[in-house]
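Take a look at the structures listed below.
Shared between the two complexes below is chain A, which pairs with chain B and chain C, respectively.
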Partner chain A sequence: MIKLTIDGKNIEVQEGTTVLKAAEATGIYIPTLCSHPQLTPYGGCRLCMVEVEGAPTLQPSCTLPAVNGMVVKTNTEKVMKARKFVLTLIFSERNHFCMYCPVSDGDCELQNRAYDEDMTHWDLQPNWQPFNVDASHPYIILDNNRCILCRRCVRACDELVGNYTLGFEERGADSLLVADYNVPLGESSCISCGTCVQICPTGALIDRQSAYQGKETEVEHHIGVCVECPVGCQRDVLTRDNRLVRIEGDWDAPLNHGLLCEKGRFLPLEDDRDRILTPLIRKDGSLKATTWEEALKVAAESFNNEKGLAAITSTRLPAEDMALFKSIFGDNLKADLVTTLEEGKPTSSLAKMAEKLGKSFETSLESLKDTDAVLSLELDLVDDYQVAGFFIKRQLMNGTKLIVADSKDNKLAEATTMRFPLTSGEEADFLTQLLDAFENSSENPALIEIVNVLKESEKACIVYGEAFAANADETAITLLLNLAEKINARLIGVKGNANSMTAAQLELEAPINVEECQAAFILLGDEDPSQKLVKTLEEVPFVVAQTTYRSQLTGKADVVLPVAMWAEQSGTYLSLDGKMQKAIKSLDAPEGVLTSREVLQKIAKSLSIEPNMDWKASLMKRMPTVQIQEA
Partner chain B sequence: MSKPTVASDWLCGCAGCHMSLLDIDERILQLVELVDLRATPITDLKEPDKEGVTVGILEGGINNTANEEVAKRMRERCKILVALGDCAVFGGVPAMRNFFGAESALKRAYIEAESNDTEGKIPSSPELAEMTRVHALHEVVPVDLFIPGCPPNADVIFYALSELAQGRIPEIKDDKLHWH
Partner chain C sequence: MKSTRSMVLVSADPESMDRGALDVFTELQKQIIEFGLEEEIALSMVNDISKPGFVPLVLVYPDAVIYGPIKPGDVHQIVEEHLYKGRVVEEKQISPYNLSGRIAWLSARKGTLPAENRIVLKNVGVIDPEDISDYIIHDGYQALGTVLNDLTPEETIALIKKSGLRGRGGAGFPTGLKWQFVNTAKGEKKYVICNADESEPGTFKDRLVLEGDPHAIIEAMLISAYAVGADEGIVYIRGEYGLAISRIKIAIEQARNFGLLGKNIFDTAFNFDLHIHAGAGAYICGEETALIESIEGNRGEPRSRPPYPTTAGLWQKPTLVNNVETLANIPAIIRNGAEWFQSIGTDSSPGTKVFTILGNVNVTGLIEVPMGITLREVISIYAKGMKNGANFKLAQTGGSSGSIIPSSLQDIPMDFDSYKKAGVSLGSGALLIANDEVCVVDLVKVLLNFFRNESCGKCYPCRIATPRAYEILTNISEGIGTMHDLDILLTMSKHLVELSLCGLGQTAGSPLKDFLTHFRAEVEAHIKLKVCPAGVCPMSGRRTY
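Right after this comes the complex of A and B.
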């Protein structure tokens, strides 16, 4: 332990702690700009200067390690004067006129720090050098005129995301934040995760969608789990007057620590699908507006006529809704088909293995954060489940080895030389060859390299996706488990949609076969129907669609029940690694639109069904592939 | 003892700060009990008294030789000079033109403007003041008190003026400190 004194307080900290962290731990405030809790210290802005006894000059506390006997002062006249001077220099370097800027008045850390120092003005005027504004990106505007050269964005892109898109060109006052080798951001290697925008302390990186739409003082925050995929990132949905303003990653979230991807951050605000605002019934060939009573009555009649009934749900809905769906259509109505739009493809083979073994064999996504070798099997973590991909990509510079075995083009494979092309459906052969190479070596140099990497690793992870799960039979999964055991690797199964694991727990995994079905109930929620689904339903005489948006499905449906979209409902989601997390209602649904759960309850009532409401117990019945952790 | 005197003027601004001054509404009656309001752009007397005033208030930055003259005259004739609003404090919106030059601003306004139905012509006459770079007030004359804001809130203006009227220098900080 290190003992030091800050502002007269005696403090004990671990060796390696910076003076800034030591001060924060004791509740002593030192203003910062370039420092960020998720980034390694950089010492660029000099705002956190402190006086250290014996040191000839002021020292930046963010990069200064605490040492024994150190005497630090954070609020002397010399320090205060330096702070104002540092701020004056930053303000006078570029265009920091707040009245031109959307983050002014609450959302700008630079302005807030100046307010803290009671700065009514600054003494130096800028040199009026204009920089070009880069508005080439669909979501992000990069304005070098407002940049304070703190490099938070560059460090976030490198250290947190592992994408290495942003960098600096030139030196000193001419320093320019650029993408790649100074190409427009919109044409660069940027993957639109938006971390740079979220971490920028000024208005140098802003997003088009939320600029001027609402400041911190005007918005409401709703922190909950992201429902765009099963990684289970926590996000903060900012709203104003029942309108989405912006989505940010939650810096305090234990898994994603502020990170999100394009799907979780930007795409939900681009949604311009046509909303259905009233129940509809098909009369004389076209859909006509009707009342909830009428629509529910017609729907319920079609469920109850004892002819073939198919009930299919989305896996993007809360666990409560899916359990209710199963109780009504499976346990009570005993429909001929009760399944999900995914037909259990991402989960069922593995879930059956867990049942057979009587134990869970997959592990938490956190394992990816400190792995030394990753084998990615039939899964592209650049295209999908991006945040899990960030965990891998950002470690590659530090020596983590990546092996990609895929039957398709794989963007994650661009980050490694160890690629192994598979033939879809023959994953078991690959695993057999690999296991064989462990025992008897191999003539294939690629396999030998993979074996060597895996043999040397101490914390290997094997990640696999739907394409593996859908093809894998018991043999393939047994081989996978053998491999994992041999190299002591942790297994992570990436599962389809936000609540695919709930579907697996509810055993909603039958293949869709609607032959001889006279009616179908499609609980689509805010998903888009696939072409395949629409085609399949062509042979079903009567279709009830419970959905948010107009689509090809509603074009075919006989009854349409309009429901809330993701932001208008709360509910529970099981992440791919078994974390039970809540999605939080952020907006009120339009009048006349109900949540999926409310509609299911109404359906149950009109059929005089008392559904099982203990959704949690229903989830816990089956042995899960990964241990379920309740929040 | 006679009441302290106050004079104001506007330079390269939009008059919005003076409008915000008027937004103190009926409190102006309290103010005139404490001070003698002399020359302002919105009263009959236009130039600060030669004998001088206690407080001089200037709105707007300085963008030509005429504004420079007005600023210098106010500085000479007042004891305490107040820079009122973001334009006086920083240069404000007019200072945007410093990034691309007065010439191109004139060209844009008088020749390239979409509303021009004829060829357009940049006004030029020896009577017109010479355009300069847009300056914050404190770049041209020493300033004693800065009240930023675009415009400063009426409550802040009332607070500042009543403090000055009672011989104190107001503290512009916390809730009273806003740059726009």
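Right after this comes the complex of A and C.
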């Protein structure tokens, strides 16, 4: 432990702690701009300068490691004058006329720092040189006029996301934030994760959606799990007057630490699908608005007759809803088919293996953060589950090795030289060859290289996707487990939808077969129906669709029950690595629209069913592929 | 290996080449063989020694006789009379003033400049830089042998520490102490780097060493690597120094062939190899941490310290970065001992300093003099006085990163501590000497223009204050400055020193302070009287931006 004094307070901190962190831990405020808790210290803005006894000049607290016996002063006149001088310089550099900026008045760190220091004016001639505004990106606007060159965006793009899109050209006062080799941001290698926008302290990087839509003081925050995929990122949904303003990553989230992807951050705001606001019943060939009572009555009648019934749910719904669905249609109505839209493809083979072994064999996504070698099987972490991909990509510069084996084109493979083409369905062959190459040297140089990398690694991870899980039989999974054991690797299945894990635990994994079914209940929620599903359902005479938006399915449905979308309901989600997390209601549903859970409860009531409400217990019945942890 | 009696150099700059230097060279070759002198006389072509007008030049060593302009037809006479019979051909001889600054010291060899004392430049121009044998004849690699066979790394460091050698890059940090830091730093892999990114305007001392005595640098790097425990070295050379790069390349190749680089050097367990990294022209890359970033392939920007390169430098490994001039002292110190080195120069700054003399003086060029010489001596003895008998107004030291020395400080001994006491700095060894036709506002404006262009942009004070100061100085030079501007400049100067991340920002503040300390009346004349006393500033009364 290191003992030092800051502003007369005696403080003890771990070795390696910076003076800034030590001060923050004690509640002493030091203003910063270029520093960010998620980034490595940079020492550019010189706003956090402090006086250190014995040092000839002021020292930047963000980069200065605390040393035993150090005496630091953070609020001397010298320090105050220096802070004001730095702010004066920044305001004179580019266009920082706050009244025209969407983030001023609370959301701008530069402006806030100036208020903190009671700045009323600046002493220097302002610079009038205009810079270009880049509005080529679908979500992001880059305004170099507001840029203070702190490089938080560049560092976030490099250190957190590993995408290396942003950079600086030229030097000194001519430095300019550019994408790639100075191409418009919209044409660059940007993957629209939006981390740069979230980390920008000023209005240099803003997102189109939320600019001028509401400031920090006017919005409400709703922190919960993202439901776009099963990675389980925590996000902060900002709303104002029952309207989505912006979605941000939660910097304090243990897994994603503020990171989100395009799907989690921007796409939900772009949703322009046609909302259904009242229950509908098909009369004379067309859907007509009706009351909840009538719609539920007609639906319940179709469920209750003795003819075949199919019940299919989305895996994007909360665990509570899915358990209720299973209780009503499986346990009580004993429908001929009770399954999910995914038919268990991403999970069932693995779940069966876990059952057979009687133990969980997959591990947490956290292991990707300090891995030294990754073997990616049939999985593109650039296109899907991006945040999990960031964990890998950002380590590649530090020597983490990446091996990609895929039967399709794989964008993650662009980041490595170790690529191994597979034939879909023959993953077991690859694993056999690989295991064999460990024992007896192979003649395939690519395979030898993979073996050498895996042999040398100490913290290897094997990640595999839906294509692997769907094709894998018991042999393939056994081979995978053998491989993992041989190199002491951790296994992570990155696949499925936000709540596929719940579906697996509820054993909702039957393949969809609606032959001879006279009625079908589709609990679609806010998901889009697939072409295949719509086609399949053409054979079914009577379809009840519980959905948020108009779609091809509602065109076919006989009864449509309008339900809330993701932001209008709370519920529990099981991430792919078994974390049980809550999604939080951020908006009120439109009048007349109920949540899926409310509708299911009404269906149960109209069928006089007493459903099992202990959803948690039903989740725990089956041996999971990865240990379930309640948050 | 052969030893030569005389060495003949033919100038090889573009103008000389145009005027038939190559023919002169071939003719010399022919004639030398004809007179049977090929065993006694070395012949080579050298770049950049002449002023236009008298080329091609032929220089004969060690007599230090210069002939020019020479046509192939004159060659016979020179070879016969001078080389064969030993009589100077006076009608073809010209004065040393026709040489460029680079070898203006030539006359020193005739004993006209008694105070000059060569350690760093001892071999420059004397030996053939492309021939390792010539270096070895001149005691080359003897120091390396001594160190590897007779001294432990610790003893080597102790010797350097005792000599009192201080870094010649500008900061004057004790070299032995730096070596010790790297030696005691934890880590298996260590690097030594020679900082040859000489980018200070008007400074070319390192270039001369690299071009004229490349093996001295290699030998010094070997010694330093042995002392700190490194097995890999990098010479970071300014990209524009084409000849220096090619000379170092040749020297490295020769040293490898002689077994002086590679594994088990001198049959000891010591391994060391060396490669070259050419800079891409950024001034900031002369700063040691920016230099390291540049080698790593990043933007050349300084790192925050601590950690210092001595503990976490190149690739986060302990790294020793020394300037060319510093290194060039090492073999001589090992050969002659710490006491010998201490006997030269002043107590706190032993040894010599190479200065580049520029400006309104009669003779410009490089000199190597003991530390502690005064500016007055430099101007009157080496620079032969001010041009046209003008008054000495000020000297700008260090290229850009030095101080403005007013005439009132010209008798301060030029060593690190005396200058520091006087509140000025020695810089890297350029002396820009100005007469009173130079306007101090204009001079500082030029300096700030340089700094604003070269600021890397990482730390805010340097990036923003240098252009703002330049704008204010432009205003003053246009006659539209205000007295308040001077307060702002002083504040800037203070904060630049206090807040900047690296030496660039810190020294960018010093001319702002110096010119207001020493020349305030002249600056105020620009503001209050709207007059430039030197008649340099435009004073148009218009804003230029």
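The criterion applied here is as follows: the second predicted complex is superposed on the first by the 631 of 631 C-alpha atoms of A that agree within 3 Å, B and C clash if a C-alpha of one lies under 4 Å from a C-alpha of the other, contacts with A are read in each partner's own complex, and residues count from 1 in each chain.
Quick note on the criterion: contacts are C-beta pairs under 8 Å (C-beta built on N, C-alpha and C of every residue); 3 or more make two chains touch, one makes a residue touch a chain.
Quick caveat, the model's predicted, so the values are computed rather than measured.
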item	value
Partner chain in contact with A:Q125 - chain B first, chain C second, else both or neither	both
Which of chain B and chain C A:P138 touches, first, second, both or neither	neither
Which of chain B and chain C A:P184 touches, first, second, both or neither	neither
When both partners are placed on the shared chain, which of chain B and chain C touches more of chain A	C
Contacts of A:M99 with chain B and chain C, given as first, second, both or neither	first
First, second, both or neither for A:S175, with chain B first and chain C second	second
Which superposed partner A:L58 touches (first chain B, second chain C, both, neither)	second
Which superposed partner A:G308 touches (first chain B, second chain C, both, neither)	neither
Touching partner for A:G44 - first (chain B), second (chain C), both, neither	second
Doubly contacted chain A residues - partners chain C and chain B	123, 125
Residues of chain A that touch chain C when the two form their complex	41-47, 49, 57-58, 60, 63-65, 78, 81-82, 85-86, 89-90, 92-93, 123-125, 127, 148-149, 168, 170-175
Complex interface listing, chain B residues touching chain A	83, 86, 89-93, 95-96, 98-100, 133, 135-136, 138-139, 146-148, 150, 171-174, 177-180
Contact set on chain A toward chain B in their complex	95, 97-100, 104-105, 111, 115, 118-123, 125, 128-130, 145
Chain C - residues contacting chain A, complex	282, 284, 299, 304, 306, 452-461, 463-468, 471-472, 488, 491, 495, 497-501, 506
